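Here the structure comes first, spelled out in structure tokens, and everything after it is commentary.
To keep things simple, chains are lettered A, B, C and D as they appear, and every chain counts its residues starting from 1.
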Amino acid sequence: MSNTFGKIFTLTTFGESHGKAVGGIIDGFPSGIEIDEEFVQRELDRRRPGQSSITTPRDESDRIEFLSGIYEGKSTGTPIAFLIWNKNQHSSDYQKMKDVFRPSHADYTYTAKYGIRDHRGGGRSSARETIARVAGGALAKLALKKLGITIQAYTSQAGSIVLNKDYSELDLSQTENNIVRCPDAETAEKMIELVKQIKAEGDTIGGVISCIIKGVPVGLGEPVFGKLHAQLASAMLSINAAKGFDYGMGFAGVSLKGSEANDVFIAEDGRIRTKTNYSGGIQGGISNGEDIYFRVAFKPVPTILQEQQTVNEKKENVELHAQGRHDPCVLPRAVPIVEAMAAMVLLDAYLLSK
Amino acid sequence: MSNTFGKIFTLTTFGESHGKAVGGIIDGFPSGIEIDEEFVQRELDRRRPGQSSITTPRDESDRIEFLSGIYEGKSTGTPIAFLIWNKNQHSSDYQKMKDVFRPSHADYTYTAKYGIRDHRGGGRSSARETIARVAGGALAKLALKKLGITIQAYTSQAGSIVLNKDYSELDLSQTENNIVRCPDAETAEKMIELVKQIKAEGDTIGGVISCIIKGVPVGLGEPVFGKLHAQLASAMLSINAAKGFDYGMGFAGVSLKGSEANDVFIAEDGRIRTKTNYSGGIQGGISNGEDIYFRVAFKPVPTILQEQQTVNEKKENVELHAQGRHDPCVLPRAVPIVEAMAAMVLLDAYLLSK
Amino acid sequence: MSNTFGKIFTLTTFGESHGKAVGGIIDGFPSGIEIDEEFVQRELDRRRPGQSSITTPRDESDRIEFLSGIYEGKSTGTPIAFLIWNKNQHSSDYQKMKDVFRPSHADYTYTAKYGIRDHRGGGRSSARETIARVAGGALAKLALKKLGITIQAYTSQAGSIVLNKDYSELDLSQTENNIVRCPDAETAEKMIELVKQIKAEGDTIGGVISCIIKGVPVGLGEPVFGKLHAQLASAMLSINAAKGFDYGMGFAGVSLKGSEANDVFIAEDGRIRTKTNYSGGIQGGISNGEDIYFRVAFKPVPTILQEQQTVNEKKENVELHAQGRHDPCVLPRAVPIVEAMAAMVLLDAYLLSK
Amino acid sequence: MSNTFGKIFTLTTFGESHGKAVGGIIDGFPSGIEIDEEFVQRELDRRRPGQSSITTPRDESDRIEFLSGIYEGKSTGTPIAFLIWNKNQHSSDYQKMKDVFRPSHADYTYTAKYGIRDHRGGGRSSARETIARVAGGALAKLALKKLGITIQAYTSQAGSIVLNKDYSELDLSQTENNIVRCPDAETAEKMIELVKQIKAEGDTIGGVISCIIKGVPVGLGEPVFGKLHAQLASAMLSINAAKGFDYGMGFAGVSLKGSEANDVFIAEDGRIRTKTNYSGGIQGGISNGEDIYFRVAFKPVPTILQEQQTVNEKKENVELHAQGRHDPCVLPRAVPIVEAMAAMVLLDAYLLSK
């Protein structure tokens, strides 16, 4: 069941990087929702490799094909299966790495756990698996849209370049206007510069993605183990290369005093609001109607185009000269993935709260 | 099901702060494990209020009582139910707050979600619920001990006082030697000073707990949504007041380059190891045999002994004068809770990996 | 998780026959439902041993005690824990059977599976575990009552005595008027006669319980693996001694022709109904608004007061002289258990269908 | 999640009768198992329409295509996705039934539940969905084979023709030798005669399938709600047209006395066996090592080629003249489906028991 996400709305994914196809089955999707297939495809395009000069030059067209659950353009409440055929696989790039454990990849742990692995392009541990997440998230977004819930993520740190502005000071509609997906043009410029330089070195960097969820009704999330932020944390940490998650005041807030960090309630237009939002829109694991915001930390991509020492399956020391086409920084392509996971968490929480 | 944690080893908890009892049922516990009830009680004592001058003076004896699943001192593989009777409840402390939504507590969201709440002491949203977690974790530790897996958490930041040492430089056996549960005596001293001062102000602070898991076999954790660190993240964020989680290099590592952060594999005594451990013992969601380490951020306790503005159920502006006995800083008492959740995640992952 | 029943409404049970207590935790119960504790107790009394001359003379008072989830008489949406203390245990009755595997009991399989068992009174495999089910079912009935759903079971066969009437010909309000729980007085008389005779022989018999669910809204049940009748089947077969389940026309209908067995749709008062109800109120796994009816087969109680051959843990042939107080026929006491399981299935299906 | 079956080994299915494809994703399949694709195809061929003169003449080639989870002929422990393209759909056959609720089909309940349905060929409620089950079961059989567990089902009743022999008197290797899948040639002949006659009348009949599982190790099945027979019951009742399930002595055994029906234990060759097997290989929900045997009742196929009265979506009375190609008796094609579901239950129970 570890390839299934969610409780009521569920996504079960399949597929290896160099297998025949990747895809998934969505179960529990509400019936009667219009499925805008072009929107789903556009979301996939945001994740697609080869979309800019700072992402991997692999050109994967990644056309989605729906197999079930949709009739006359609407969801029927039955499982929605979809797939994306794998093309343009250069499996031979990986032939000489067949028995080698690439540093900070999952090659070794998969081999240890399963006794066998599809080494080509990382197999199941490849980030290519996230295609199915983006598709699932796109459908979730279609359902959330009807509820007035919107989700917007952006790159708030790339390597050492930090966007030092609160989301409320940003125009999030600018996020898609640059290739690093940072809504602040000036910072984006610096980030792009940095990524290009890192790429030239054959190296990689990590970063942070911030995500804002607006329009959430009061009452989503389930105490005590199904707290909304616990579900978000699990969803985000399940993304390849993710190393950390915080929400609301997060790590930065630990040195605040209670008297500084408490969100005072106020009655506003007959509705209960909070004056500040250090809580990040969630209290006791349940949404309080304010914006939900959180951050996800991503490590640098482990595939670098520099020589590295490592071992092979025979426990021999070997040198690794990675080839293939890789991202110097996953952040831009991870933005839609973060949004997709958030969308699925929210829709699932909504369906459970009904 | 949101009050149930785990997949094979599961803990289902119950209980409100001022109800009759708190407790839980553990299912899926391996049979034949000797149940050291005194050890379980000691773990509860570590969480207990009133244990030191910097924790709440509530004196809750919190004696655990096992009801099933144990025969002649050993687990039988059937559900282990346990409870801790609530005593020493000053419900009247809360009478005047019956209709008031305390800032940054779950009063409002519970009321909004359920239309009803047991207001006394926070009801179900009270951290008193974590007693059952500590009990469940203590049992999990007994099972993990036989596998050679150990879990040690400690306070690494209290408010602005940060313990700036890597865990490898610390003697973790010193953690229990001071009331703030920081293994570095000097830093502990400063933390205690700070907490006392904050307490005198009627205020509170947050902090960070670090946790180290040693002796983990290779192969625990399930791709892709059940990654071991995703499970840890969910477990940690489900603890009251938790706001963030990172593991391995975490947030600090995002500005490293791949060439700096990669963990090179080496063969050592016929075993595959990594030279460094930026990965934090997990690669691709699966344990690689190295130490697992992570951090959890806690916000300042929202109950402060200062006057606060808020609203009541009628949406009227009211002033809140909190009373009752509260912690100025939850960190010391959260240390065993973090360990308990980690223990349950690990045991569950182990049982699933068999 | 095998001691947890349900998906949204869940019951997790614990307890051995001669342990301290039996009980459970209900999660997912709707908030704001008035908890009529006396009704719950009455349901337990229907299951109680010693209630008549043809049930076991063990007099277990079985008083339920609620520990959480109820505030000022109403459910709060948080877990409802309850327990029933075990009293009047004659564990010594079982001392000499400690190492003996009683025929057609679970002694051998538990020992084989877990390597250890609480032999006293069957331990966890005792039907005493069903107390928690009856309590859970009673709460479910309270929630279903508000929806207009009623559940009535009765003994339709005891040994060779068969009640050869359709439920529509019976006055189900008569079920509780006799000790065998058969709504037809004449048949009840014969059944009681038979059970008394069997009891005198130190023997036991099985039988069939029929159950009728009325007032079910259209749309409960989830295709394809969560079909409403599949859930009922699983629930019923999980009851001790159950050997079979059928619903609607069931086994008897297999020799009908499609033209005989099809339920023709008719429009009646603006509502779609079926002319006949061979389908048993469920089509394609989803309720169609007609009465749901099903049967459950129970084997004769395996504990007989006659000498039996068997083996012990050392694989030696031994003779078994069972003692203790036992039911010659479980049917009367199983009636409330069947109703309870049905109630939980229906409530869970309802909550999932919202 | 209702389209997902199992706990550790899981099958999630998708697809409508006249959609693009049907298929599924298997998760939790053990790694390193050789995937004999031809065996899987043969199992599908056993279920295939058009295979004999007494099944529907629809000729669906139903070639399975694997998409993931298999590398160099072996399972890798990652999800195994597969699909079967739908071909040869005569959707126009159903055009005039678009708004009509066919008696004893799921047309009405799906429409009521979802507000929308793919009416073509029954859409999701079509038995075409069982293709994915047979594929999943075939893979499960491959894993069970290594454990020495075998599963054999056969038609033991077709309409009024009953095979009155215990399975121990039958040569189950004869099952595939006739088109009705009854291992007794003489009875098979009668059944075939009956089905042909029923077909000529444009009518249908039901029947009973018996299933025998041999080689089951002691200890599979989980008390108390996950009893092995409860899981089998749920699995069997989830098959289209199934109306009943019993195992071991089943419904027939309710009139036996305990002294007649108890399975006396004996020690045989150092192993504990039972002298008789009324229990059907399961005691207390856990396998005891003896043969598991059970029966499944199937109603007559509701699609008959006779005129029927019914209503349409506007609640108007209409006459229905069913067309299309249909089975007069599903039993022969249901045999591999029963086996498939049993195989998945057993493998899942085995993986859980490790």
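Everything that follows uses one rule, which is that contacts are C-beta pairs under 8 Å (C-beta built on N, C-alpha and C of every residue); 3 or more make two chains touch, one makes a residue touch a chain.
If you're wondering where the values come from, they're calculated on a predicted model, not measured in any experiment.
Trainee: Tell me the fewest steps from chain A to chain C, where a step is a jump to a chain it touches.
Mentor: 1
Trainee: Could you quickly compare A-B and A-D and let me know which has more C-beta contacts?
Mentor: Most C-beta pairs in contact, of the two: A-B.
Trainee: Using mean CA coordinates as chain centres, what's the gap between chain B and chain D in Å?
Mentor: 46
Trainee: How many angstrom between the C-alpha centroids of chain B and chain A?
Mentor: Going by mean C-alpha positions, chain A sits 27 Å from chain B.
Trainee: Taking each chain's centre as the mean of its CA atoms, how far is chain A from chain D in angstrom?
Mentor: Chain centres of chain A and chain D, defined by C-alpha means, are spaced 39 Å apart.
Trainee: Which positions in chain A are in touch with at least two other chains?
Mentor: 1-4, 7-8, 13, 78, 113, 124, 223
Trainee: For chain C, which residues are in contact with chain B within the complex?
Mentor: For chain C paired with chain B, touching residues are 1-4, 7-8, 10, 12-16, 19-25, 27-28, 31-32, 65-69, 71, 74-81, 83, 113-118, 123-124.
Trainee: Within the complex, which stretch of chain D touches chain C?
Mentor: Against chain C, the touching part of chain D is residues 1-5, 7, 13, 101, 103-106, 108-110, 112-113, 124-125, 129, 157, 159-160, 198, 201, 203-208, 218-219, 221-227, 229-238, 243-251, 253-267, 270, 272, 274, 278-280, 282-288, 295, 297-304, 306, 308-311, 315-317, 353.
Trainee: For chain A, which residues are in contact with chain C within the complex?
Mentor: 8, 78, 223, 352, 354
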